[in-house]
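Look at the two complexes coming up: subunit A is in both, with subunit B in one and subunit C in the other.
Showing the complex of A and B:
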(Lines of atoms letter the chains of each structure in order from A and count residues from 1; the text may use other names and numbers.)
(Lines give C-alpha, C1' and ligand atoms only; values in the text may rest on other atoms or scores of the structure.)
Protein backbone atom coordinates (compact mmCIF):
# COMPACT_ATOMS: atom_id res chain seq x y z
CA UNK A 1 0.00 0.00 0.00
CA UNK A 2 1.31 3.39 -0.88
CA UNK A 3 2.21 5.65 1.98
CA UNK A 4 3.64 8.59 0.21
CA UNK A 5 5.13 9.71 -3.04
CA UNK A 6 8.79 10.49 -2.65
CA UNK A 7 8.98 13.45 -4.93
CA UNK A 8 6.15 15.87 -5.42
CA UNK A 9 3.19 16.82 -3.33
CA UNK A 10 0.54 15.86 -5.76
CA UNK A 11 1.27 12.19 -5.88
CA UNK A 12 3.32 9.89 -7.97
CA UNK A 13 2.78 8.91 -11.55
CA UNK A 14 4.08 6.17 -13.75
CA UNK A 15 7.75 5.61 -13.24
CA UNK A 16 8.14 7.47 -9.98
CA UNK A 17 9.25 6.17 -6.65
CA UNK A 18 6.93 5.91 -3.70
CA UNK A 19 7.09 4.75 -0.14
CA UNK A 20 5.02 1.69 0.57
CA UNK A 21 4.06 -0.56 3.38
CA UNK A 22 3.52 -4.22 2.73
CA UNK A 23 0.04 -5.49 3.48
CA UNK A 24 0.17 -8.96 2.08
CA UNK A 25 3.19 -11.12 1.64
CA UNK A 26 4.03 -14.62 0.65
CA UNK A 27 5.40 -16.55 3.58
CA UNK A 28 8.92 -17.07 2.35
CA UNK A 29 9.71 -13.94 0.43
CA UNK A 30 12.16 -11.16 0.80
CA UNK A 31 9.49 -8.67 1.86
CA UNK A 32 7.82 -9.07 5.18
CA UNK A 33 4.39 -7.94 6.10
CA UNK A 34 4.29 -4.60 7.85
CA UNK A 35 7.63 -3.36 6.64
CA UNK A 36 8.13 -0.12 4.92
CA UNK A 37 9.92 -0.09 1.61
CA UNK A 38 10.35 2.02 -1.44
CA UNK A 39 8.75 1.08 -4.70
CA UNK A 40 8.63 2.16 -8.30
CA UNK A 41 5.29 2.51 -10.02
CA UNK A 42 5.31 0.35 -13.12
CA UNK A 43 1.67 0.26 -14.05
CA UNK A 44 -0.93 2.91 -13.48
CA UNK A 45 -4.53 3.14 -14.48
CA UNK A 46 -4.06 6.82 -15.12
CA UNK A 47 -2.87 7.58 -18.62
CA UNK A 48 0.59 8.92 -19.08
CA UNK A 49 1.36 11.07 -22.08
CA UNK A 50 4.40 10.41 -24.18
CA UNK A 51 6.42 13.00 -26.00
CA UNK A 52 5.09 11.98 -29.41
CA UNK A 53 1.49 12.65 -28.44
CA UNK A 54 0.52 9.10 -27.65
CA UNK A 55 -0.74 7.98 -24.28
CA UNK A 56 -0.57 4.71 -22.46
CA UNK A 57 -2.87 3.37 -19.80
CA UNK A 58 -2.87 0.08 -17.95
CA UNK A 59 -5.74 -1.77 -16.41
CA UNK A 60 -4.29 -1.95 -12.93
CA UNK A 61 -1.84 -0.28 -10.61
CA UNK A 62 1.38 -2.07 -9.78
CA UNK A 63 4.77 -1.31 -8.35
CA UNK A 64 8.08 -3.02 -7.86
CA UNK A 65 9.80 -2.97 -4.49
CA UNK A 66 13.18 -1.37 -4.58
CA UNK A 67 15.76 -0.57 -2.02
CA UNK A 68 17.18 2.81 -1.24
CA UNK A 69 19.60 2.66 -4.15
CA UNK A 70 16.91 1.88 -6.66
CA UNK A 71 17.74 -1.75 -7.25
CA UNK A 72 14.76 -4.10 -7.16
CA UNK A 73 14.57 -6.33 -4.14
CA UNK A 74 13.00 -9.21 -5.95
CA UNK A 75 14.30 -11.27 -8.78
CA UNK A 76 11.31 -11.31 -11.11
CA UNK A 77 8.94 -8.70 -12.44
CA UNK A 78 5.52 -9.73 -13.70
CA UNK A 79 3.49 -8.06 -16.36
CA UNK A 80 4.41 -5.32 -18.80
CA UNK A 81 6.33 -2.22 -17.90
CA UNK A 82 6.32 1.04 -19.81
CA UNK A 83 9.12 2.78 -21.62
CA UNK A 84 9.11 5.56 -19.11
CA UNK A 85 11.34 3.59 -16.79
CA UNK A 86 14.22 3.90 -19.16
CA UNK A 87 14.37 7.59 -18.70
CA UNK A 88 14.18 7.27 -14.95
CA UNK A 89 17.14 4.98 -15.12
CA UNK A 90 15.50 1.83 -13.83
CA UNK A 91 17.37 -0.36 -16.19
CA UNK A 92 17.37 -3.42 -13.97
CA UNK A 93 13.59 -3.51 -13.80
CA UNK A 94 13.41 -3.18 -17.55
CA UNK A 95 15.69 -6.08 -18.11
CA UNK A 96 13.74 -8.27 -15.70
CA UNK A 97 10.41 -7.38 -17.22
CA UNK A 98 8.42 -9.77 -19.34
CA UNK A 99 7.29 -7.23 -21.79
CA UNK A 100 7.93 -3.59 -22.37
CA UNK A 101 4.69 -1.91 -23.27
CA UNK B 1 -62.65 16.89 -58.43
CA UNK B 2 -64.20 17.92 -61.69
CA UNK B 3 -66.90 19.72 -59.84
CA UNK B 4 -64.26 21.70 -58.09
CA UNK B 5 -62.66 22.62 -61.39
CA UNK B 6 -65.98 23.71 -62.67
CA UNK B 7 -66.61 25.86 -59.66
CA UNK B 8 -63.17 27.35 -59.99
CA UNK B 9 -63.71 28.31 -63.56
CA UNK B 10 -67.05 29.78 -62.61
CA UNK B 11 -65.55 31.81 -59.84
CA UNK B 12 -62.64 32.90 -61.97
CA UNK B 13 -64.94 34.25 -64.58
CA UNK B 14 -66.86 36.13 -61.97
CA UNK B 15 -63.78 37.35 -60.27
CA UNK B 16 -62.20 38.66 -63.41
CA UNK B 17 -65.31 40.59 -64.21
CA UNK B 18 -65.79 42.01 -60.77
CA UNK B 19 -62.29 42.95 -59.73
CA UNK B 20 -60.23 43.62 -62.79
CA UNK B 21 -57.43 45.38 -60.94
CA UNK B 22 -56.65 42.46 -58.74
CA UNK B 23 -57.12 39.87 -61.43
CA UNK B 24 -53.71 40.38 -63.04
CA UNK B 25 -51.94 39.82 -59.75
CA UNK B 26 -54.03 36.84 -58.74
CA UNK B 27 -54.03 33.39 -60.19
CA UNK B 28 -56.26 30.38 -59.85
CA UNK B 29 -54.43 29.50 -56.70
CA UNK B 30 -55.44 32.67 -54.99
CA UNK B 31 -59.09 32.05 -55.61
CA UNK B 32 -58.64 28.78 -53.87
CA UNK B 33 -57.12 30.45 -50.89
CA UNK B 34 -60.09 32.73 -50.73
CA UNK B 35 -62.35 29.73 -50.71
CA UNK B 36 -60.17 28.12 -48.14
CA UNK B 37 -60.55 31.04 -45.85
CA UNK B 38 -64.28 30.64 -45.89
CA UNK B 39 -64.71 26.95 -45.44
CA UNK B 40 -62.49 25.39 -42.88
CA UNK B 41 -63.84 21.91 -43.37
CA UNK B 42 -62.53 21.67 -46.88
CA UNK B 43 -59.19 23.25 -46.10
CA UNK B 44 -57.21 20.05 -46.02
CA UNK B 45 -58.41 18.80 -49.35
CA UNK B 46 -58.41 22.11 -51.07
CA UNK B 47 -54.90 22.86 -50.02
CA UNK B 48 -53.66 19.69 -51.63
CA UNK B 49 -55.56 20.39 -54.78
CA UNK B 50 -54.18 23.88 -54.73
CA UNK B 51 -50.70 22.51 -54.73
CA UNK B 52 -51.57 20.39 -57.69
CA UNK B 53 -52.97 23.36 -59.55
CA UNK B 54 -49.93 25.42 -58.82
CA UNK B 55 -47.51 22.93 -60.27
CA UNK B 56 -45.92 25.55 -62.45
CA UNK B 57 -44.65 27.47 -59.45
CA UNK B 58 -41.78 26.44 -57.26
CA UNK B 59 -43.67 25.79 -54.11
CA UNK B 60 -47.10 26.77 -53.02
CA UNK B 61 -47.32 29.54 -50.51
CA UNK B 62 -50.68 29.38 -48.96
CA UNK B 63 -49.73 31.88 -46.35
CA UNK B 64 -49.98 34.70 -48.84
CA UNK B 65 -53.21 36.32 -49.64
CA UNK B 66 -55.27 35.60 -46.61
CA UNK B 67 -57.72 38.29 -47.50
CA UNK B 68 -59.95 37.63 -50.42
CA UNK B 69 -60.03 40.13 -53.22
CA UNK B 70 -63.72 40.48 -53.46
CA UNK B 71 -66.03 39.90 -50.56
CA UNK B 72 -68.69 38.99 -53.06
CA UNK B 73 -66.59 36.03 -54.08
CA UNK B 74 -66.64 34.65 -50.59
CA UNK B 75 -70.33 34.21 -50.63
CA UNK B 76 -70.01 32.42 -53.91
CA UNK B 77 -67.42 30.20 -52.42
CA UNK B 78 -69.59 29.35 -49.49
CA UNK B 79 -72.43 28.46 -51.76
CA UNK B 80 -70.30 26.03 -53.75
CA UNK B 81 -72.13 22.74 -53.77
CA UNK B 82 -70.70 20.19 -51.37
CA UNK B 83 -69.49 17.88 -54.13
CA UNK B 84 -65.82 18.14 -53.16
CA UNK B 85 -66.57 17.03 -49.63
CA UNK B 86 -67.91 13.72 -50.84
CA UNK B 87 -64.77 12.90 -52.69
CA UNK B 88 -62.60 14.19 -49.85
CA UNK B 89 -60.79 11.08 -48.74
CA UNK B 90 -59.92 9.67 -52.09
CA UNK B 91 -58.84 13.02 -53.38
CA UNK B 92 -56.52 13.50 -50.52
CA UNK B 93 -54.76 10.25 -51.21
CA UNK B 94 -54.52 10.79 -54.89
CA UNK B 95 -53.00 14.21 -54.79
CA UNK B 96 -50.39 13.24 -52.22
CA UNK B 97 -47.93 11.80 -54.71
CA UNK B 98 -47.80 14.68 -57.15
CA UNK B 99 -47.65 17.23 -54.38
CA UNK B 100 -44.38 15.68 -53.28
CA UNK B 101 -42.89 15.93 -56.72
CA UNK B 102 -44.09 19.44 -57.33
CA UNK B 103 -42.97 20.53 -53.92
CA UNK B 104 -39.59 21.88 -52.86
CA UNK B 105 -36.52 20.58 -54.73
CA UNK B 106 -35.40 17.22 -53.34
CA UNK B 107 -32.55 17.03 -50.82
CA UNK B 108 -29.20 15.91 -52.14
CA UNK B 109 -29.01 12.10 -51.90
CA UNK B 110 -25.63 11.89 -50.17
CA UNK B 111 -25.69 13.94 -46.99
CA UNK B 112 -22.22 14.92 -45.95
CA UNK B 113 -22.09 16.46 -42.55
CA UNK B 114 -19.97 19.59 -42.32
CA UNK B 115 -20.03 22.82 -40.51
CA UNK B 116 -20.29 26.14 -42.21
CA UNK B 117 -17.88 28.33 -40.33
CA UNK B 118 -18.73 31.95 -39.98
CA UNK B 119 -15.55 33.28 -38.51
CA UNK B 120 -12.65 33.63 -40.89
CA UNK B 121 -9.98 32.32 -38.55
CA UNK B 122 -11.75 29.03 -38.05
CA UNK B 123 -12.26 28.72 -41.76
CA UNK B 124 -8.57 29.25 -42.37
CA UNK B 125 -7.70 26.70 -39.74
CA UNK B 126 -9.99 24.20 -41.36
CA UNK B 127 -8.32 24.71 -44.70
CA UNK B 128 -4.86 24.35 -43.18
CA UNK B 129 -5.96 21.20 -41.42
CA UNK B 130 -7.30 19.67 -44.57
CA UNK B 131 -4.14 20.51 -46.45
CA UNK B 132 -1.99 18.95 -43.78
CA UNK B 133 -4.00 15.74 -43.70
CA UNK B 134 -3.95 15.49 -47.46
CA UNK B 135 -0.22 15.91 -47.45
CA UNK B 136 0.30 13.13 -44.96
CA UNK B 137 -2.13 10.92 -46.82
CA UNK B 138 -0.15 11.43 -49.96
CA UNK B 139 3.09 10.44 -48.30
CA UNK B 140 1.97 7.38 -46.38
CA UNK B 141 -0.84 5.03 -46.95
CA UNK B 142 -3.15 5.32 -43.96
CA UNK B 143 -6.16 3.07 -44.07
CA UNK B 144 -9.50 4.09 -42.71
CA UNK B 145 -9.69 2.86 -39.14
CA UNK B 146 -13.02 2.42 -37.49
CA UNK B 147 -13.87 1.07 -34.06
CA UNK B 148 -14.05 -2.68 -34.10
CA UNK B 149 -11.09 -3.19 -36.37
CA UNK B 150 -8.25 -5.41 -35.30
CA UNK B 151 -5.10 -3.64 -36.21
CA UNK B 152 -1.41 -4.32 -36.34
CA UNK B 153 0.84 -1.32 -35.86
CA UNK B 154 4.49 -0.86 -36.40
CA UNK B 155 5.50 1.94 -34.09
CA UNK B 156 8.83 3.55 -33.55
CA UNK B 157 9.10 4.55 -29.92
CA UNK B 158 11.20 7.64 -29.42
CA UNK B 159 12.41 6.62 -25.97
CA UNK B 160 15.84 5.66 -27.21
CA UNK B 161 14.57 2.66 -29.03
CA UNK B 162 14.71 1.76 -32.64
CA UNK B 163 11.68 0.55 -34.45
CA UNK B 164 10.77 -2.51 -32.46
CA UNK B 165 7.20 -2.51 -31.40
CA UNK B 166 4.60 -4.38 -33.28
CA UNK B 167 1.36 -3.69 -31.53
CA UNK B 168 -1.69 -5.69 -32.21
CA UNK B 169 -5.03 -4.82 -30.75
CA UNK B 170 -8.60 -3.75 -31.27
CA UNK B 171 -9.58 -0.18 -31.95
CA UNK B 172 -12.07 0.90 -29.34
CA UNK B 173 -12.45 4.55 -30.15
CA UNK B 174 -11.66 7.08 -32.80
CA UNK B 175 -11.71 10.79 -32.36
CA UNK B 176 -11.82 12.97 -35.46
CA UNK B 177 -10.02 16.27 -35.13
CA UNK B 178 -8.36 16.95 -38.47
CA UNK B 179 -4.66 16.38 -38.18
CA UNK B 180 -4.96 15.32 -34.57
CA UNK B 181 -7.25 12.43 -35.28
CA UNK B 182 -6.53 9.87 -32.59
CA UNK B 183 -7.56 6.32 -32.04
CA UNK B 184 -7.40 4.10 -29.00
CA UNK B 185 -6.01 0.66 -29.17
CA UNK B 186 -6.67 -1.96 -26.56
CA UNK B 187 -4.51 -5.03 -26.26
CA UNK B 188 -3.63 -7.69 -23.79
CA UNK B 189 0.03 -7.63 -22.94
CA UNK B 190 1.49 -10.32 -20.74
CA UNK B 191 -1.78 -10.80 -18.91
CA UNK B 192 -2.55 -7.13 -18.38
CA UNK B 193 -4.81 -4.98 -20.51
CA UNK B 194 -3.12 -1.96 -21.99
CA UNK B 195 -4.81 0.90 -23.77
CA UNK B 196 -2.85 3.29 -25.91
CA UNK B 197 -3.87 6.40 -27.68
CA UNK B 198 -2.14 7.22 -30.95
CA UNK B 199 -2.42 10.14 -33.27
CA UNK B 200 -3.38 8.72 -36.63
CA UNK B 201 -1.04 10.93 -38.62
CA UNK B 202 1.91 10.55 -36.33
CA UNK B 203 5.21 10.08 -38.12
CA UNK B 204 6.18 7.48 -35.53
CA UNK B 205 3.59 5.07 -36.82
CA UNK B 206 5.37 3.36 -39.62
CA UNK B 207 2.75 0.97 -40.78
CA UNK B 208 -0.86 0.16 -40.09
CA UNK B 209 -2.38 -3.05 -41.21
CA UNK B 210 -5.98 -4.02 -40.76
CA UNK B 211 -6.27 -7.65 -39.83
CA UNK B 212 -9.90 -8.13 -39.11
CA UNK B 213 -13.12 -6.22 -38.88
CA UNK B 214 -15.56 -7.01 -36.13
CA UNK B 215 -19.14 -6.00 -36.31
CA UNK B 216 -19.92 -3.48 -33.60
CA UNK B 217 -22.91 -1.31 -33.07
CA UNK B 218 -21.16 1.48 -31.30
CA UNK B 219 -18.62 4.19 -31.95
CA UNK B 220 -16.82 3.83 -28.64
CA UNK B 221 -16.32 0.35 -27.30
CA UNK B 222 -15.56 1.21 -23.72
CA UNK B 223 -17.64 -1.69 -22.51
CA UNK B 224 -14.77 -3.93 -23.50
CA UNK B 225 -12.85 -2.69 -20.51
CA UNK B 226 -15.07 -4.77 -18.28
CA UNK B 227 -15.49 -7.67 -20.63
CA UNK B 228 -11.94 -8.13 -21.79
CA UNK B 229 -10.32 -7.68 -18.44
CA UNK B 230 -8.23 -10.59 -17.25
CA UNK B 231 -7.55 -8.94 -13.92
CA UNK B 232 -11.13 -8.46 -12.96
CA UNK B 233 -12.02 -9.68 -9.53
CA UNK B 234 -14.99 -11.98 -9.89
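Showing the complex of A and C:
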Protein backbone atom coordinates (compact mmCIF):
# COMPACT_ATOMS: atom_id res chain seq x y z
CA UNK A 1 0.00 0.00 0.00
CA UNK A 2 1.34 3.37 -0.94
CA UNK A 3 2.26 5.73 1.85
CA UNK A 4 3.43 8.70 -0.16
CA UNK A 5 5.19 9.70 -3.32
CA UNK A 6 8.85 10.36 -2.86
CA UNK A 7 9.00 13.56 -4.85
CA UNK A 8 6.12 15.91 -5.30
CA UNK A 9 2.97 16.48 -3.30
CA UNK A 10 0.54 15.68 -6.04
CA UNK A 11 1.30 12.01 -6.26
CA UNK A 12 3.47 9.76 -8.34
CA UNK A 13 2.98 8.71 -11.93
CA UNK A 14 4.38 5.94 -14.06
CA UNK A 15 8.07 5.44 -13.46
CA UNK A 16 8.33 7.37 -10.21
CA UNK A 17 9.37 6.12 -6.82
CA UNK A 18 6.95 5.86 -3.91
CA UNK A 19 7.16 4.76 -0.31
CA UNK A 20 5.09 1.68 0.44
CA UNK A 21 4.22 -0.58 3.31
CA UNK A 22 3.58 -4.25 2.77
CA UNK A 23 0.08 -5.38 3.66
CA UNK A 24 0.10 -8.94 2.38
CA UNK A 25 3.09 -11.16 1.91
CA UNK A 26 3.84 -14.72 0.97
CA UNK A 27 5.31 -16.58 3.94
CA UNK A 28 8.60 -17.44 2.23
CA UNK A 29 9.10 -14.15 0.40
CA UNK A 30 11.80 -11.57 0.82
CA UNK A 31 9.38 -8.83 1.83
CA UNK A 32 7.80 -9.14 5.24
CA UNK A 33 4.39 -7.84 6.16
CA UNK A 34 4.48 -4.49 7.90
CA UNK A 35 7.83 -3.38 6.54
CA UNK A 36 8.30 -0.10 4.79
CA UNK A 37 10.10 -0.12 1.45
CA UNK A 38 10.42 2.03 -1.60
CA UNK A 39 8.81 1.01 -4.86
CA UNK A 40 8.80 2.06 -8.49
CA UNK A 41 5.45 2.36 -10.27
CA UNK A 42 5.50 0.12 -13.34
CA UNK A 43 1.84 -0.04 -14.37
CA UNK A 44 -0.75 2.63 -13.83
CA UNK A 45 -4.36 2.85 -14.87
CA UNK A 46 -3.88 6.52 -15.62
CA UNK A 47 -2.80 7.15 -19.18
CA UNK A 48 0.64 8.54 -19.81
CA UNK A 49 1.44 10.53 -22.91
CA UNK A 50 4.37 9.53 -25.04
CA UNK A 51 6.69 11.45 -27.28
CA UNK A 52 4.89 10.57 -30.45
CA UNK A 53 1.47 11.55 -29.14
CA UNK A 54 0.22 8.10 -28.22
CA UNK A 55 -0.88 7.26 -24.69
CA UNK A 56 -0.26 4.19 -22.61
CA UNK A 57 -2.46 2.85 -19.89
CA UNK A 58 -2.73 -0.48 -18.15
CA UNK A 59 -5.57 -2.31 -16.46
CA UNK A 60 -4.04 -2.35 -13.02
CA UNK A 61 -1.67 -0.43 -10.80
CA UNK A 62 1.55 -2.23 -10.00
CA UNK A 63 4.92 -1.43 -8.51
CA UNK A 64 8.24 -3.15 -7.99
CA UNK A 65 9.83 -3.16 -4.52
CA UNK A 66 13.17 -1.47 -4.44
CA UNK A 67 15.64 -0.74 -1.66
CA UNK A 68 17.01 2.66 -0.75
CA UNK A 69 19.83 2.45 -3.26
CA UNK A 70 17.48 1.59 -6.07
CA UNK A 71 18.24 -2.13 -6.36
CA UNK A 72 15.15 -4.26 -6.95
CA UNK A 73 14.51 -6.60 -4.04
CA UNK A 74 13.02 -9.36 -6.18
CA UNK A 75 14.66 -11.23 -9.00
CA UNK A 76 11.97 -11.17 -11.68
CA UNK A 77 9.26 -8.76 -12.73
CA UNK A 78 6.02 -10.17 -14.12
CA UNK A 79 3.60 -8.55 -16.49
CA UNK A 80 4.30 -5.84 -19.05
CA UNK A 81 6.33 -2.77 -18.22
CA UNK A 82 6.46 0.38 -20.30
CA UNK A 83 9.39 1.99 -22.06
CA UNK A 84 9.21 5.05 -19.87
CA UNK A 85 11.31 3.33 -17.24
CA UNK A 86 14.36 3.58 -19.44
CA UNK A 87 14.34 7.33 -19.42
CA UNK A 88 13.78 7.40 -15.67
CA UNK A 89 16.92 5.31 -15.24
CA UNK A 90 15.22 2.11 -14.18
CA UNK A 91 16.98 -0.09 -16.71
CA UNK A 92 17.40 -2.76 -14.04
CA UNK A 93 13.68 -3.29 -13.78
CA UNK A 94 13.44 -3.39 -17.56
CA UNK A 95 16.07 -6.09 -17.77
CA UNK A 96 14.28 -8.21 -15.19
CA UNK A 97 10.92 -7.80 -16.90
CA UNK A 98 9.27 -10.51 -18.95
CA UNK A 99 7.57 -8.30 -21.46
CA UNK A 100 8.06 -4.69 -22.39
CA UNK A 101 5.07 -2.78 -23.64
CA UNK B 1 24.15 23.45 -42.58
CA UNK B 2 21.65 22.21 -40.07
CA UNK B 3 19.26 21.15 -42.80
CA UNK B 4 21.96 19.29 -44.72
CA UNK B 5 23.13 17.43 -41.64
CA UNK B 6 19.59 16.63 -40.66
CA UNK B 7 18.71 15.20 -44.04
CA UNK B 8 21.89 13.19 -44.20
CA UNK B 9 21.29 11.62 -40.82
CA UNK B 10 17.59 11.05 -41.24
CA UNK B 11 17.87 9.22 -44.53
CA UNK B 12 19.90 6.08 -43.79
CA UNK B 13 18.07 4.47 -40.87
CA UNK B 14 14.86 5.98 -39.54
CA UNK B 15 14.07 3.23 -37.01
CA UNK B 16 17.43 3.40 -35.29
CA UNK B 17 17.16 7.17 -35.17
CA UNK B 18 13.92 6.87 -33.23
CA UNK B 19 15.63 4.52 -30.79
CA UNK B 20 18.44 6.94 -30.30
CA UNK B 21 16.02 9.77 -29.78
CA UNK B 22 14.38 7.77 -27.02
CA UNK B 23 17.73 7.15 -25.46
CA UNK B 24 19.14 10.64 -25.64
CA UNK B 25 16.15 12.20 -23.93
CA UNK B 26 17.81 11.44 -20.60
CA UNK B 27 20.41 14.13 -21.10
CA UNK B 28 17.94 16.70 -19.80
CA UNK B 29 16.99 17.91 -23.24
CA UNK B 30 13.36 17.13 -22.54
CA UNK B 31 11.22 14.19 -23.42
CA UNK B 32 10.96 14.75 -27.13
CA UNK B 33 14.28 15.46 -28.72
CA UNK B 34 13.98 18.28 -31.19
CA UNK B 35 15.56 17.86 -34.58
CA UNK B 36 18.09 20.57 -33.84
CA UNK B 37 19.80 17.96 -31.66
CA UNK B 38 19.98 15.55 -34.58
CA UNK B 39 23.57 16.49 -35.19
CA UNK B 40 24.72 14.88 -31.96
CA UNK B 41 22.67 11.74 -32.54
CA UNK B 42 25.54 10.20 -34.49
CA UNK B 43 27.25 7.28 -32.79
CA UNK B 44 30.13 9.22 -31.39
CA UNK B 45 29.38 8.96 -27.74
CA UNK B 46 27.80 5.58 -27.71
CA UNK B 47 30.07 2.64 -27.24
CA UNK B 48 30.50 -0.22 -29.65
CA UNK B 49 30.72 -3.86 -28.68
CA UNK B 50 34.44 -4.10 -29.48
CA UNK B 51 35.26 -1.04 -27.45
CA UNK B 52 33.27 -2.32 -24.51
CA UNK B 53 35.06 -5.66 -24.65
CA UNK B 54 38.42 -3.95 -24.78
CA UNK B 55 37.63 -1.75 -21.80
CA UNK B 56 36.38 -4.69 -19.79
CA UNK B 57 39.50 -6.69 -20.49
CA UNK B 58 41.66 -3.70 -19.53
CA UNK B 59 39.87 -3.38 -16.22
CA UNK B 60 40.17 -7.15 -15.72
CA UNK B 61 36.50 -7.83 -15.25
CA UNK B 62 35.72 -11.48 -14.65
CA UNK B 63 33.39 -13.66 -16.61
CA UNK B 64 32.31 -11.34 -19.37
CA UNK B 65 29.34 -12.65 -21.32
CA UNK B 66 27.77 -11.08 -24.35
CA UNK B 67 24.15 -11.88 -25.02
CA UNK B 68 22.55 -10.79 -28.27
CA UNK B 69 19.26 -9.38 -27.10
CA UNK B 70 17.62 -8.59 -30.40
CA UNK B 71 14.71 -10.91 -29.76
CA UNK B 72 13.80 -9.49 -26.39
CA UNK B 73 14.43 -5.83 -26.97
CA UNK B 74 13.91 -3.59 -29.91
CA UNK B 75 16.08 -0.86 -28.58
CA UNK B 76 19.21 -2.75 -27.61
CA UNK B 77 21.36 -5.13 -29.56
CA UNK B 78 23.71 -6.52 -26.98
CA UNK B 79 23.69 -7.12 -23.29
CA UNK B 80 27.07 -7.50 -21.70
CA UNK B 81 27.30 -8.98 -18.22
CA UNK B 82 30.53 -8.63 -16.25
CA UNK B 83 31.52 -9.48 -12.70
CA UNK B 84 33.66 -7.45 -10.38
CA UNK B 85 35.64 -8.83 -7.50
CA UNK B 86 34.53 -6.19 -5.01
CA UNK B 87 32.24 -3.17 -4.87
CA UNK B 88 35.16 -0.89 -5.65
CA UNK B 89 35.98 -2.99 -8.70
CA UNK B 90 32.39 -2.78 -9.93
CA UNK B 91 32.41 1.00 -9.60
CA UNK B 92 35.73 1.08 -11.39
CA UNK B 93 34.30 -0.84 -14.35
CA UNK B 94 31.51 1.72 -14.68
CA UNK B 95 33.94 4.62 -14.41
CA UNK B 96 36.18 3.11 -17.07
CA UNK B 97 33.28 2.80 -19.52
CA UNK B 98 32.24 6.39 -18.94
CA UNK B 99 35.82 7.53 -19.38
CA UNK B 100 36.03 5.68 -22.67
CA UNK B 101 32.84 7.33 -23.88
CA UNK B 102 34.21 10.75 -22.90
CA UNK B 103 37.47 10.10 -24.69
CA UNK B 104 35.65 9.08 -27.82
CA UNK B 105 33.93 12.42 -27.96
CA UNK B 106 36.82 14.69 -27.24
CA UNK B 107 36.31 18.09 -28.74
CA UNK B 108 32.66 17.68 -29.59
CA UNK B 109 30.19 20.40 -28.86
CA UNK B 110 27.80 18.37 -26.74
CA UNK B 111 29.16 15.48 -24.76
CA UNK B 112 26.69 12.68 -24.36
CA UNK B 113 27.44 10.45 -21.43
CA UNK B 114 26.00 6.98 -21.19
CA UNK B 115 23.49 6.85 -18.36
CA UNK B 116 24.56 5.00 -15.25
CA UNK B 117 22.28 3.43 -12.66
CA UNK B 118 23.18 2.18 -9.27
CA UNK B 119 26.32 4.20 -8.88
CA UNK B 120 25.80 4.65 -5.14
CA UNK B 121 25.96 1.02 -4.23
CA UNK B 122 28.55 -1.12 -5.87
CA UNK B 123 26.35 -4.16 -6.19
CA UNK B 124 24.80 -3.70 -9.61
CA UNK B 125 25.67 -0.89 -11.96
CA UNK B 126 24.08 -0.60 -15.39
CA UNK B 127 25.76 1.49 -18.05
CA UNK B 128 23.29 2.19 -20.81
CA UNK B 129 24.87 3.39 -24.03
CA UNK B 130 22.26 2.99 -26.70
CA UNK B 131 22.78 -0.29 -28.45
CA UNK B 132 24.97 -1.88 -25.85
CA UNK B 133 23.94 -2.24 -22.25
CA UNK B 134 26.59 -3.25 -19.77
CA UNK B 135 25.72 -4.77 -16.42
CA UNK B 136 28.46 -4.78 -13.83
CA UNK B 137 27.60 -6.95 -10.85
CA UNK B 138 29.45 -8.47 -7.99
CA UNK B 139 29.54 -12.20 -7.31
CA UNK B 140 26.59 -12.35 -4.96
CA UNK B 141 24.38 -10.16 -7.10
CA UNK B 142 25.11 -12.23 -10.15
CA UNK B 143 24.06 -15.41 -8.40
CA UNK B 144 21.01 -13.71 -6.96
CA UNK B 145 19.59 -12.12 -10.08
CA UNK B 146 20.74 -14.76 -12.55
CA UNK B 147 20.50 -12.62 -15.66
CA UNK B 148 21.88 -15.16 -18.14
CA UNK B 149 19.09 -17.62 -17.48
CA UNK B 150 16.60 -14.89 -18.02
CA UNK B 151 17.99 -13.93 -21.39
CA UNK B 152 19.01 -17.24 -22.85
CA UNK B 153 15.59 -18.80 -22.39
CA UNK B 154 13.25 -18.33 -25.33
CA UNK B 155 10.59 -15.67 -24.80
CA UNK B 156 7.22 -17.50 -24.79
CA UNK B 157 5.23 -14.87 -26.60
CA UNK B 158 4.21 -16.84 -29.65
CA UNK B 159 1.49 -18.78 -27.84
CA UNK B 160 -0.32 -15.69 -26.67
CA UNK B 161 -0.40 -14.33 -30.23
CA UNK B 162 -2.22 -17.42 -31.49
CA UNK B 163 -4.87 -17.07 -28.81
CA UNK B 164 -5.45 -13.50 -29.81
CA UNK B 165 -6.04 -14.51 -33.41
CA UNK B 166 -8.69 -16.97 -32.35
CA UNK B 167 -10.30 -14.44 -30.06
CA UNK B 168 -10.94 -11.99 -32.85
CA UNK B 169 -12.97 -14.37 -35.01
CA UNK B 170 -16.48 -13.03 -35.40
CA UNK B 171 -19.25 -15.40 -34.41
CA UNK B 172 -22.76 -14.84 -35.66
CA UNK B 173 -25.18 -14.71 -32.69
CA UNK B 174 -27.84 -17.40 -32.64
CA UNK B 175 -31.37 -16.11 -32.90
CA UNK B 176 -33.36 -18.00 -30.27
CA UNK B 177 -36.19 -15.48 -30.01
CA UNK B 178 -39.60 -16.10 -31.54
CA UNK B 179 -39.39 -13.04 -33.75
CA UNK B 180 -38.02 -13.63 -37.20
CA UNK B 181 -34.46 -12.46 -37.81
CA UNK B 182 -34.14 -9.06 -39.34
CA UNK B 183 -32.55 -9.20 -42.74
CA UNK B 184 -29.94 -6.44 -42.93
CA UNK B 185 -29.60 -4.88 -46.34
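By definition in this document, the second predicted complex is superposed on the first by the 101 of 101 C-alpha atoms of A that agree within 3 Å, B and C clash if a C-alpha of one lies under 4 Å from a C-alpha of the other, contacts with A are read in each partner's own complex, and residues count from 1 in each chain.
Just so we're on the same page, a contact is a pair of C-beta atoms (placed from the backbone, for glycine too) under 8 Å apart; a residue touches a chain by one contact, two chains touch by 3 or more.
Computed from a predicted structure; not experimentally measured.
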{"item": "Touching partner for A:43 - first (subunit B), second (subunit C), both, neither", "value": "first"}
{"item": "Partner chain(s) touched by A:61 [first = subunit B, second = subunit C, both, neither]", "value": "neither"}
{"item": "First (subunit B), second (subunit C), both or neither touched by A:83", "value": "both"}
{"item": "First (subunit B), second (subunit C), both or neither touched by A:35", "value": "neither"}
{"item": "First (subunit B), second (subunit C), both or neither touched by A:92", "value": "second"}
{"item": "Which of subunit B and subunit C A:51 touches, first, second, both or neither", "value": "both"}
{"item": "First, second, both or neither for A:70, with subunit B first and subunit C second", "value": "second"}
{"item": "If touched residues of subunit A are counted for subunit B and for subunit C, the larger one", "value": "B"}
{"item": "Touching both subunit B and subunit C, residues of subunit A", "value": "51, 83, 86-87, 98-99"}
{"item": "Footprint of subunit B on subunit A - complex, ascending", "value": "43, 47, 50-60, 78-80, 83-84, 86-87, 98-99, 101"}
{"item": "Subunit A partner contacts - residues on subunit B that touch it in the complex", "value": "157-161, 180, 182, 189-199, 202, 204, 225, 229, 231"}
{"item": "Residue ranges of subunit A touching subunit C (in the complex, touch as defined)", "value": "51, 69-71, 75-76, 83, 86-87, 89-92, 95-96, 98-100"}
{"item": "Subunit C residues touching subunit A - in the complex, by the definition given at the top", "value": "21-23, 25-26, 31-32, 72-73, 75, 79, 115, 117-118, 120-121, 123-124, 126, 128, 133, 135, 144-147, 150, 155, 157"}
